[in-house]
Amino acid sequence: MNRLKVELAGLELSNPTMLASGMMGETGMSLVEAARNGAGAVVTKSVGMEPRTGYINPTLVEHDDYYINAMGLPNPGIADYGEEMASAIKGGVPIFGSIFAASVSDFAHLAGKMEDYGASAVELNLSCPHAKGYGMEMGIDPDIVANIVKEVKGSVSVPVFAKLTPNTHRLLDVAEAVQRADGDGIVAINTLKAIAISVEFRRPILSNVYGGLSGPAVKPIGLRAVYDLYDRVDIPIIGVGGVETWKDAMEYIMAGASAVQVGSAVGRHGLGVFGEICNGMDSYLEENGAEMMDLVGVAHERK
Amino acid sequence: MNGNEVVTIKEVVPEGKGITTLRFELDRTARPGQFFMVWVPGVDEVPMSVSYTGRVKGITVREVGTATKALSGLKGGDMIGIRGPYGRGFAMPKGKFLVVGGGTGIAAVLPAVEMADDKDIVDVALGARNASEIIFEERAENASNHVHVSTDDGTRGFHGTVVAMVDDILKKHSYDQVIACGPEKMLYYLLEVCKKHGVESQMSLERFMKCGSGLCGSCVIDGKRVCADGPVFYGREISDMLEFSKAKRDEAGRLIKL
Amino acid sequence: MNRLKVELAGLELSNPTMLASGMMGETGMSLVEAARNGAGAVVTKSVGMEPRTGYINPTLVEHDDYYINAMGLPNPGIADYGEEMASAIKGGVPIFGSIFAASVSDFAHLAGKMEDYGASAVELNLSCPHAKGYGMEMGIDPDIVANIVKEVKGSVSVPVFAKLTPNTHRLLDVAEAVQRADGDGIVAINTLKAIAISVEFRRPILSNVYGGLSGPAVKPIGLRAVYDLYDRVDIPIIGVGGVETWKDAMEYIMAGASAVQVGSAVGRHGLGVFGEICNGMDSYLEENGAEMMDLVGVAHERK
Amino acid sequence: MNGNEVVTIKEVVPEGKGITTLRFELDRTARPGQFFMVWVPGVDEVPMSVSYTGRVKGITVREVGTATKALSGLKGGDMIGIRGPYGRGFAMPKGKFLVVGGGTGIAAVLPAVEMADDKDIVDVALGARNASEIIFEERAENASNHVHVSTDDGTRGFHGTVVAMVDDILKKHSYDQVIACGPEKMLYYLLEVCKKHGVESQMSLERFMKCGSGLCGSCVIDGKRVCADGPVFYGREISDMLEFSKAKRDEAGRLIKL
């Protein structure tokens, strides 16, 4: 019996761990590697209409407990990405096609392409904190988000997830807008807008100045977002932010997530992290005679 | 802890034509084959192999473009940003081994020569286009009793490629392993030669790197992250790579045929 | 010569380190201790109209790189706080009287009292993320904030600082409102809304469920806030969030802060942290032939 | 790392009337005199001195209210949350020392008796209201050759307060230091006695604690945080405290005269 199995928006995952968007997902074969290492599903790099080279380096700041990144959404563009999807599919796990765009119609176009390429779901990146004109700037407005979701829903038949930003006090309003527009699920959180400064050089480190904070430092914020979302919306929630151990993952599940995505830990600990999280959760479930789905949101029962 | 740090250049050593070593103090453990991400503010941040692994570390830069030019022009007292060391380095082989360096790749393998503390268990083959690009020959001789040198134009040592020289060496001597770094084309032929002689190898690969720490995927070859799963791979792993010597990725992640 | 000296809103601080609000500041003698240990100024615990006992324990979650706290604004109430201020003044450094209230007129009343008690400045807590009806809920609305600041300015003659929340995308709009209303300075940031979950007990750890994230984990967000504020407003900025070392402090200064507040580090490293930060900054200034005020905002010159 | 952790109770030991020891495994170093913040979900989180400092740690609880009642009712296999250990513990004195425990304070000082590995350099004085509240006498005897016991009602040992007994002991024997924990009133008189005999002391104080880690200020006495600057203070420090035995703070931070 597979205790780890979860179901969300009609998709079945053999376990609730997913590779987060941006983690090596530029290439199809990396997604296959993640699946081989135990990820229950994988998310592609956020792909846009045209190829983008991203920002020049430095694009990453590393610290004991966090990263700050400003890659600048490098991606080969949706046309070339078909080839990557063709290899990615060999991973044998559901693929979430992550997309970003500056207009509603571009979102719809990209989503359609992802479905054509074989994506099991679409993830709308409405939350990148450092790319001008994309992501977060639209992701804080419930009406804009509702429009995008509605349009995308009209053009694909796979489930549509909206990835939201925590850089606002309106997260819950935006999530409600997603639900109203028939969105199938919420992914939270993307990174927090952050900077790093070099004292020696008296300047910001990232070439783009601004980047996104991720890793263990953001887990308490991600958990809060998921916990709040679980009270506010009925559609499934995927938790992201600082997941490194089985306990981190379980905290998200108990807060209300039906699955978790793993980003920074893939750099900090390697791809083995998927197997370790799954083994840990499996032992816990066995000892407690429980199945994964029983635990979704249990932390709400006692406050 | 691999976090961002700023170091002051202690010494600048010209090694050969357009090749410069920068030495700086950094209290972190670095193994042969690992690399740093090196930041020149206002210019770029690029991967550079660790060419000295002691407390006073070093990188050895060949000038090929903007960032490497900026690095080559630094003076003692200047500062650079450092992240890392990152990546899987060379594993100390059991038994006798041959270290092969081609061009700037010599800088990356020299610490691997020095990790053997017996001058008889490690032999060395250094190759470059011409005599002025052969670096670290003396360092190699201090650590090994057999240092072979080749130049494409015959201005020093064996006249021909380092791969041709290694083929000769492998005919006469037997090794448990070959350790190598150099241009991908050289590694491609070297791998063929190693296979022919039935010798296992460890080779350090290069791909375009942004994050350097296994996140962004820009350095991926056949699903493996060169920065985190490599840069050192075993010959048997490289043999399975469809993109090795055939293709690389550009900055947008597009596949470019080589 | 004292290189560390800073001036902000007409106040002179012998060095730019301050004890942040909430750190032991319930009692006057703790503020004296902080001053003795080298703080250039001290901020009181946020004091309200009535005594409050705060939430029951657990009120704190501790982690390698952060705390999450939900003290619940315990404080003796403004009437009793006069006695504490009488002892606090013996510290010999400027005291910022931090206050919180549910109405504009209460803010004005509290501010007046703090001035009467001898505060050198007033700090408006518009940003506590976990106390219902106070703090953050009003601190995200530029108009409400402008009203509070205007009213308080009308009732005191000491400078008035507004402490803002990072839990919104409107931080800069709120700061502009403060400036428009003649506020004398901005303090940023307060904690980020967060939770912690116990897997073993399947429940949130804090008795209040929600708390505020502080410590090294929030430094990149605090720096971003200060960096942005420096571009947007002309009044002085005090940086708070994750300051533990002289370099952390200097990063805030270079980002645009005229002073920094130290909170969590007082628990993590003790009160000696003020002396260490000052010594480190002093050495740096000496080596670089600079004075503190020269460095405020220098990171903006090169992007 | 003092972070939140959950431990499973291995053993529950009734020690005396309303006094219970809970044992649990926790892989953290704890020194005599330090304390944990102990969480009973749905009830409260309260400070408890470390009564066993080895790998299998212990706390010893006297039932006085809701949280201590919940703790006293736990069974083997139950779980509790733990933060810490926090605070400055007892410093090992140079020379001969006398350890004084009053009531539940005995639990806090017993590990200090055991930190001496010579039964002749540490003497012990344990006092309580009556015989059923004298705990850890055997543990004390295993670590010291001179264990004195007093009860207020004379049901065991010396009839009178532990302070009166200590006064007698100090008349006959000389010590380099006295180490103590107990009710503040006891500590007040003990400090007087120590001063009279010219003996330096270390005493563990109690104040209302919320954060336990030096942040919130609720435990402050004369500007010192009992949780972080204490709970152990030297007698000379305590002598300077105006609030010692005179006043404490309530949960809102208001000064309450004692």
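The chains carry the letters A, B, C and D, assigned in the order they are written, with residues numbered from 1 in each.
In the analysis below, a contact is a pair of C-beta atoms (placed from the backbone, for glycine too) under 8 Å apart; a residue touches a chain by one contact, two chains touch by 3 or more.
Model, not experiment: these values are computed from the prediction.
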The distance between the C-alpha centres of subunit A and subunit C, rounded to whole Å, is 33
Roughly how many whole angstrom separate the Cα centroids of subunit B and subunit D? 61
With chain centres defined as C-alpha means, what is the inter-centre distance between subunit A and subunit B in Å? 36
Compute the distance, rounded to whole Å, between the mean C-alpha positions of subunit B and subunit C. 50
Where subunit A touches two or more other chains at once, by residue number: 61, 64, 196, 201, 203, 302
Hey, what residues on subunit B touch two or more of the other chains? 41
Is the way these chains touch best called a line, a ring, a star, complete, or other? line
Chain pairs satisfying touch are A-B, A-C, C-D
Flag every residue of subunit D that touches subunit C in the complex, lowest number first. 1-4, 6, 37, 39, 41, 44-46, 79, 81, 83, 210-218, 220, 222-225, 228, 249-255
Subunit C contacts subunit A in the complex at 61, 64-66, 68, 136, 140, 167-170, 192-197, 199, 201-204, 209-210, 213, 216-218, 220-221, 223-224, 227, 247, 250-251, 254-255, 284, 295, 298-299, 301-303
Subunit C residues within the subunit D interface of the complex: 22-33, 45, 51-54, 56-64, 67, 69, 71, 74-77, 80, 83, 196, 198, 200-201, 203, 205, 263-264, 266-267, 270
